[in-house]
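These are the structures, in structure tokens.
Each of the two complexes below includes chain A, the first together with chain B, the second together with chain C.
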Partner chain A sequence: MRKAFVPLLGAAGFIFLTAPIIIARAPFESTMGLVQKIFYFHMPPAMLMLLSAIFCGLVSGAYLVTRRPVLDWTASAAAELTVLYGSIALVTGPLWARKAWGVWWQWDARLTMSLLMWMIFVAYLLLRRYGGNGSETLAAGLALFGMATSPFVYLSVNLWRTVHPLTSVVPTLPVDFAFPLWYAFTGFLLMYLALMTLRVTLERQRAALDQLFLESDE
Partner chain B sequence: MKKIWLNPSVLASLLLALNAAAVMAQPGQSEFAPVNELTPAEQLPAAPLVIAAYAFVWLAFLFYVWTTWRKLGKVEEEIGALSAQLAKRRP
Partner chain C sequence: MTAFWRVVWIVVRKDLAIEARSRELLNTTVFFALSCVIIFAVSFVREKPLGDAAAGILWVAIAFAGTLALGRTFERERYGDTLRALLLAPSDRPAIYVGKLIGILSLLAATEIVLVPLVALLFQAGLFSHPLLMGALLIFGTIGFASVGTLFAAMLARARSRDVLLPILLYPVTIPVMIAGVKGTSALLDATPQLQMAGMWILLLVCFDVVFLTLSLWTFDPLMTE
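And now, the complex of A and B:
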């Protein structure tokens, strides 16, 4: 698994280096102008935060049923990446909002739900870090709860009145906007996979170290 | 005398006239100001925000890769040391 890390990181790095050129060539949006270009670094991590939360919940559910350690390692890695990608979305969003809406933050449904989801996964990590023995089972339950919030985060812009752009924006994007978006999305996705391989390797090695400690005590 | 002002169409016309008067009474823009004369708080260039967003993405990933790589190196170092210790103990 670790062998995949370097090629994935290299491919993601290449996309992150070339994406600004492609984004700069994309047309300016009519009402927001230059600041709309934050969209290309905001929507992909936000979407991957949602997908990562769903993935973490599914893997945690599978861990609760099978108790296979690899599922626990993967869930832990996915939770950490949910927090990382969520942090990126929650920082780039206000940078965009400051110019587009005139405020850094608005307590509207999408923003508040996203913040709550991020906090659930921060709670997951704190539970794993300080929860002691058996915390992986409790954390798996929390991940299922985190996953359950994801449809509300996604649909919040359609269900409630909000200043955030609707979910209909992305499917209806003209090609000039859509190409840089999906190019950047590919970079974020490859980076996600690279970090996932690295993080799962770390968990595997930690388990191997624990096993060696047990052997040395005998 | 017939109360003409109770007629609905007259009432509607009166309301429309009042509304038009209210709109007309609003003060017009007294002067045009160039955008570069706005106070610094009102002038908000987009470029620093875009650059900050892109820089944050890079820094977040670099920091995460660096810290995870360091942790992995430490764990592998400990595995190496412990394995060597165990190999020495074995007859």
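And now, the complex of A and C:
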């Protein structure tokens, strides 16, 4: 797992270096113009936040059943990355909304549910940090509830009438827009995997260190 | 199944018996809810109440009072060192959860019986014009809030800094329930009540209840294991 970190980071770095060129060469959207280019940095982290929350919930569920430490490390790394990617989406979203809708924030279903999901995973990190002994089990329970909100985030735009673009926009994008989008998505995904391997390796070494400390004590 | 419900009944009866002797939770929770409503009344009522503020105030008061009651119920178990005894009992863990949940629900129902007329009075809100729909909103909303709340309060009973962690964990998860409750109530309070809209929110509340109850019943056992 550790060996994968450098190639992943290299590939992600290459994509992030070249993505601005590709995004700059992409055509302008007819009504929104230049602002629409925020899309390439808004939708991939937002989507990865949702996937990461689901992943964290599934891994946490598996941890509750099997109690294997590696699952707990993975879940905590996924929760941190959910918060990180959620923060990116929550910063880029208002920047775009200010130009497209005229307001920074709108209390519609999609925005509210995304904010709530981000808050649940911030609460997860607070619980792990301040919960004391056994908080990893409790955090796993919370992650399951975080995952339970994810279908509502995805469906909220299609169920409620909102100002946020529908999820059906993405598959119907013309290729000139779709290529930079999926290029940026790949970059964010590779960065996600790189950070994930780094974080799990760190936890593994921390556990090994604790073990050695206990052994030297005896 | 009968053994399951027997344990539920024993847990409920135990909690109600303790409560009937001291009335600690009921008195403090009802008075706290009253204080909340008074604070809102002072902040939001000028010459006449603001629009449909009553809907939001009712649900915020329920959420705040509920959090207080949840914390206290398990604090009492911890203080008497009876939580471990309860978990060691040779019975289904989910039965203990259901028993605790019913105890909290009856406490919140008692609070709401005082709270709803008070909000209707202070904010001149027609909360009683559609008693059935309003009742359904309150019942399903309270179940949604209390089902997650009972699980979180139980699992936090042994955690460090549990007083502050309970609202931090509980509110983000239950805000969807609050939104549905508030939107449904304000649909009923509208000048032309939108009954169909209120029905849709009740349906959504039922969905949340099913999801939250299923998850809580499934996770209570692994979460309470030391």
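We take it that the second predicted complex is superposed on the first by the 218 of 218 C-alpha atoms of A that agree within 3 Å, B and C clash if a C-alpha of one lies under 4 Å from a C-alpha of the other, contacts with A are read in each partner's own complex, and residues count from 1 in each chain.
As a working rule, a residue touches a chain if its C-beta (ideal position, glycine included) is under 8 Å from a C-beta of that chain, and two chains touch if they have at least 3 such contacts.
None of these values were measured; they are calculated from a predicted model.
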{"item": "Clash-or-fit label for the pair chain B, chain C on chain A", "value": "fit"}
{"item": "Partner chain(s) touched by A:37 [first = chain B, second = chain C, both, neither]", "value": "first"}
{"item": "Chain B versus chain C as contact partner of A:126, first or second or both or neither", "value": "second"}
{"item": "Partner chain in contact with A:91 - chain B first, chain C second, else both or neither", "value": "first"}
{"item": "Partner chain in contact with A:149 - chain B first, chain C second, else both or neither", "value": "second"}
{"item": "Which partner, chain B or chain C, touches more chain A residues", "value": "B"}
{"item": "First, second, both or neither for A:208, with chain B first and chain C second", "value": "first"}
{"item": "Partner chain(s) touched by A:103 [first = chain B, second = chain C, both, neither]", "value": "neither"}
{"item": "First, second, both or neither for A:141, with chain B first and chain C second", "value": "second"}
{"item": "Minimum C-alpha spacing, chains overlaid - chain B and chain C, in Å", "value": "24"}
{"item": "Doubly contacted residues of chain A, that is, touched by chain B and again by chain C", "value": "none"}
{"item": "Chain A - residues contacting chain C, complex", "value": "64-65, 112-113, 116, 119-120, 123, 126-127, 130-135, 137-138, 140-142, 144-146, 148-149, 152"}
{"item": "Contact footprint of chain A on chain C as seen in their complex", "value": "148, 151-152, 155-156, 158-161, 164-165, 168-169, 172-173, 175-176, 179, 211-212, 215, 219, 222-223, 225-226"}
{"item": "Residue ranges of chain A touching chain B (in the complex, touch as defined)", "value": "9, 16, 20, 33-35, 37-38, 41-42, 45, 84, 87-88, 91-92, 95-96, 98-99, 191, 195, 198-199, 201-202, 205-206, 208-209, 212-213, 215-216"}
{"item": "Parts of chain B lying in touch with chain A, wherever the complex brings them together", "value": "44, 46-47, 49-50, 52-54, 56-58, 60-61, 64-65, 68-69, 71-72, 75-76, 78-79, 82-83, 85-86, 89"}
